[in-house]
Amino acid sequence: MSATPDELMVAAAAAELAGVRTVFVGIGLPNAAAILARRTVAPDLELIYESGVVGARPSRLPDSIGDPALVSGATATMSMHDLFAYFLQGGRIEVGMLGAAQVDRWGNLNTTVIGPYANPTVRLPGSGGACEIALNAARVIVVMSQSPRSFVERVDFVTSPGHRHPDGRPRPAWAGGGPDTVITQLGVYRFGTDGEMELAALHDGVRDADVDAASGWPILRRQPLETLNAPNPDTLSAIHSLSGAEREAAPS
Amino acid sequence: MSATPDELMVAAAAAELAGVRTVFVGIGLPNAAAILARRTVAPDLELIYESGVVGARPSRLPDSIGDPALVSGATATMSMHDLFAYFLQGGRIEVGMLGAAQVDRWGNLNTTVIGPYANPTVRLPGSGGACEIALNAARVIVVMSQSPRSFVERVDFVTSPGHRHPDGRPRPAWAGGGPDTVITQLGVYRFGTDGEMELAALHDGVRDADVDAASGWPILRRQPLETLNAPNPDTLSAIHSLSGAEREAAPS
Amino acid sequence: MAIEGFTHLISFAAGHEIIRQGRHNLTLARLTPDLVYDQMVAAGCARKLIFSWLGNPGVGSLHAVRRAIEGGGLELEEYSHFGMVGRYVAGAAHLPFYPLRSYAGSDLPAANPLIQWVASPYAPGDDVAVVPALNPDVTIIHAQRADAEGNVQVWGLVGVQREAAMAAERVIAVVEELVDTEVIRADPDRTLLPGVVVTAVCIEPYGAHPSFAQGYYDRDNAFYRAWDPISRDPGLLEAWLDEWVRGIRDRAGYVEKLGPETVAALRPKPRPSGSVDYGEYS
Amino acid sequence: MAIEGFTHLISFAAGHEIIRQGRHNLTLARLTPDLVYDQMVAAGCARKLIFSWLGNPGVGSLHAVRRAIEGGGLELEEYSHFGMVGRYVAGAAHLPFYPLRSYAGSDLPAANPLIQWVASPYAPGDDVAVVPALNPDVTIIHAQRADAEGNVQVWGLVGVQREAAMAAERVIAVVEELVDTEVIRADPDRTLLPGVVVTAVCIEPYGAHPSFAQGYYDRDNAFYRAWDPISRDPGLLEAWLDEWVRGIRDRAGYVEKLGPETVAALRPKPRPSGSVDYGEYS
């Protein structure tokens, strides 16, 4: 049984959460990854949802980040003000997980528009809490599909800031660590000390050339380049047990 | 049975609350007046306490504005942030009731120090919520004892702003209506259109000259000057039923 | 105006009634416009959206909203979630602005010039983003219960309901059920809004369907998914509005049309909170 | 450090233990210093107070604090209540300042230069007062209950407990009782602080006496009144500290010394909140 691209990403993202205590969970694949991590490598992981839930213990994989199953049995609910102000902005989130339609080499994320803002080719959902998550979480893990349309030389719109703006502006001094890891169906990327994205590992069976073919700029390589093991059957069956109702919130 | 000075003030302050819907209640005599008003002239009065209680229906007169009897049976509790931000500052308080150690002709109130701030003769409790109440309630009713030491030409410290600062600064444009009524054991004072205090009514049996003897500046008179009826026996017995445990929070 | 309730307690009952009344030219504020604004936009109610996340959660796009944007018929004013939260907070608190740690390095301030900056008087250079107060003429929320005095109680997710309501000139609360005031007063901590700030209470069971009411009914995820093809096709959407909104008189008609089986399938099993003791002091 | 709890849930247990440990030079923040700081100041623990209302509520003055001020041995940093609330909010939210509609026309900004002003970018001349963030090294709160994971629940007045705790580096919660985590998870709305932000939980029944714990015991108003003559007289006060704080080993000793009659007289009659249904969704 081989893993689908989504399953590869969920398994790799869950592995990144080993030992983490607090994760701010977005909709879609990050949600599946966080729930999987709590059931496997991070039993103490507190799932924190922007809808106002802390310590969710969902009995099912919710379609939405606001779901009654996230509330029943959680350790705390709170207003969005208190959650964003005191948890996220207050610096109490270790990992924020985000998706995106586009990313650039500095980890800037676009979930707003393809094309010009005033007259877009595709109107995407916008920030939601992503701009705040990108700036205030101690570190950010990005989970997204990779292609030349999504890994771009310059994002059409910076919704959620990475390590520096395309115009050269640096990340503000008060901000959290920013994007730390990008997980795609091809591999895992980290960021160098200057804030530029580097390929760190390939999924089992992915070739180096596949990465270049799916990127809009020449991506740096870390040496040695790792190869990730394929998800083991236990992990895959855990993902399957989660994913019955899961739909990714990618714009259609 | 004749009324004590405190009872005169409580009865007059309660009468001012006729028809009022929301009152922000301070400790001491204002508390007794608000509870009396709800039981008599203002049955729809919502008692709002800075401790975070809305719609208290206390089974006893509390010693403190934070008392479990204010909470049990109230319509709502909330954090001090939400209460001060959304109720008081949000403009949802019709009447704020305050006490003071000193007042001047502009309704500036001092509850901070007698003497210089850095080296006071008497250190008073300070603002508490009074500064915000004075600025944000739609109108303010002051209940205090009158003497040449409390009705002064210039307050030693402006804790809670009246209609203009002693140095001439005007009240800010965003603020509520400010002090509207001052109730003492001698009479009831209102404020003219220029913001200066005017004697409007005397308690039964108080002479005009008593006011001058108890004031640090020549107080303007409204014409015609009213005379308040002595509290009727029902009111007095209602006050007595309240005041068993009541202690005024005046600094000793 | 704003219909607030973050994923939970979205007043579709109010949205549908606004469509039935044929309102136009509304400025609609909401963090997540969700299906309720997709329907209102499709019905021609809206002139402008003020929002922070524009999608069908877990499914995809709001196609009617996208068509209106692409057709140039809908003005947008866009924030992040915390920016929208802050706009309501400032509105409720009578502040000109709300400061937040966001937007630095984002293109959102370029897209929305209402996002500004203020300098900190405590640390030179430590500028903070600010958003302006938002004060809706009307905020409509849905809640589990209220009493005849208008005291409104909610459990589970409260989102921005308190702030959006207290920022508004008028507040309408639509509730699942009316309860005795002693039920409210037995547990004052659950009160989202005291009656003194509530303009009107309407009792509409299932008034938040297809969103959910914690303890009363589940989110109708099947409906959210089924909305996608309807919303994609203007003809289907118009027919849906005729059948499910304009073609029925009120919310009771909608619930009847949903049918007892759908309603029953959304009902959760009980999970009681348990009771705490406030104490009787005398 | 801060011991917070506005009239409700004041951790005298923690204050007394700090006195027993002979701590000195503390900067003590609290809206209302109350008897707990009067005792700590008398015992020589404090160098500075950050506060907004300095009195014995319903009684009069805090005489030990007044003596320390008049003797020049205690530095003061003074705000209004909402200013103190705002300082904790800014601290908890990692903001440099908190804006509020206060202080205009008051002499407080002249007395405390940390109260500053910022201009609104939306309306020229509409300046707003600001106070700086306050981030205690430690915040201690008292609460009704917690579980072994450190999730803390409170009902009744919450004051500024959440903000003061989340502004702090370390958070200590003293609670009336330890409960099973399923009790907490049955009613997540009552959680003031999730365990992930709590450093330590201590179980000390009656740890808030003479203040109150809603549903557990009443405010001991007689004690507050009796404190006035003790606090007035340095000799009496020293003797009281020797007898009630230094002379006993821990809180259990204090409660034993209070005696079963005093404790029983403070116990309220039951007044249950009632239970709501969160629903079991699967």
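Letters A, B, C and D mark the chains in the order given here, with residues in each chain numbered from 1 onward.
To be clear about the criterion, contacts are C-beta pairs under 8 Å (C-beta built on N, C-alpha and C of every residue); 3 or more make two chains touch, one makes a residue touch a chain.
Note that the structure is predicted; figures quoted are calculated from it, not measured.
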{"item": "Each chain counted as touching chain B and chain C at once", "value": "D"}
{"item": "Chain located farthest away, centre of chain B as origin (C-alpha)", "value": "A"}
{"item": "Geometric centre distance via CA averages, chain C-chain A, whole Å", "value": "27"}
{"item": "Chain A and chain B, separation of their C-alpha mean positions in angstrom", "value": "56"}
{"item": "Length of the line joining the C-alpha centres of chain C and chain D, rounded to whole Å", "value": "36"}
{"item": "Multi-chain contact sites of chain B, meaning residues that touch two or more partners", "value": "53, 67-68, 71-73, 77-78, 85, 89, 136, 174"}
{"item": "Per-residue multi-chain contacts in chain C, two or more chains", "value": "89, 93-95, 100-101, 126, 156, 162-163, 189, 214-215, 218, 268, 271, 278-282"}
{"item": "Touching pairs among all chains present in the structure", "value": "A-C, A-D, B-C, B-D, C-D"}
{"item": "Touching residues on chain D, where the partner in the complex is chain A", "value": "89, 92-95, 149, 151, 162-163, 166-167, 181, 184-185, 188-189, 191, 193-197, 278-282"}
{"item": "Complex contacts: residues of chain A adjacent to chain D", "value": "21-22, 46, 53-55, 57, 59-60, 67-69, 71-78, 82, 85-87, 89-92, 136, 174"}
{"item": "Parts of chain C lying in touch with chain D, wherever the complex brings them together", "value": "93-97, 99-101, 116-123, 126, 128, 130, 132, 144, 155-156, 183, 186-187, 189-190, 214-216, 218, 268-282"}
{"item": "Residue ranges of chain C in contact with chain A within the complex", "value": "6-8, 31-32, 51-55, 57-61, 66, 69-70, 78-82, 85, 89, 100-108, 110-111, 126, 156-160, 162-163, 212, 214-215, 218-219, 221, 224-225, 228, 268, 271"}
{"item": "Partner chain C, residues of chain A touching it in the complex", "value": "27-28, 50-53, 62-68, 71-73, 77-81, 84-85, 88-89, 108, 112, 117, 120, 123, 125-132, 135-136, 157-162, 164-165, 169, 171-175, 245, 247, 249-252"}
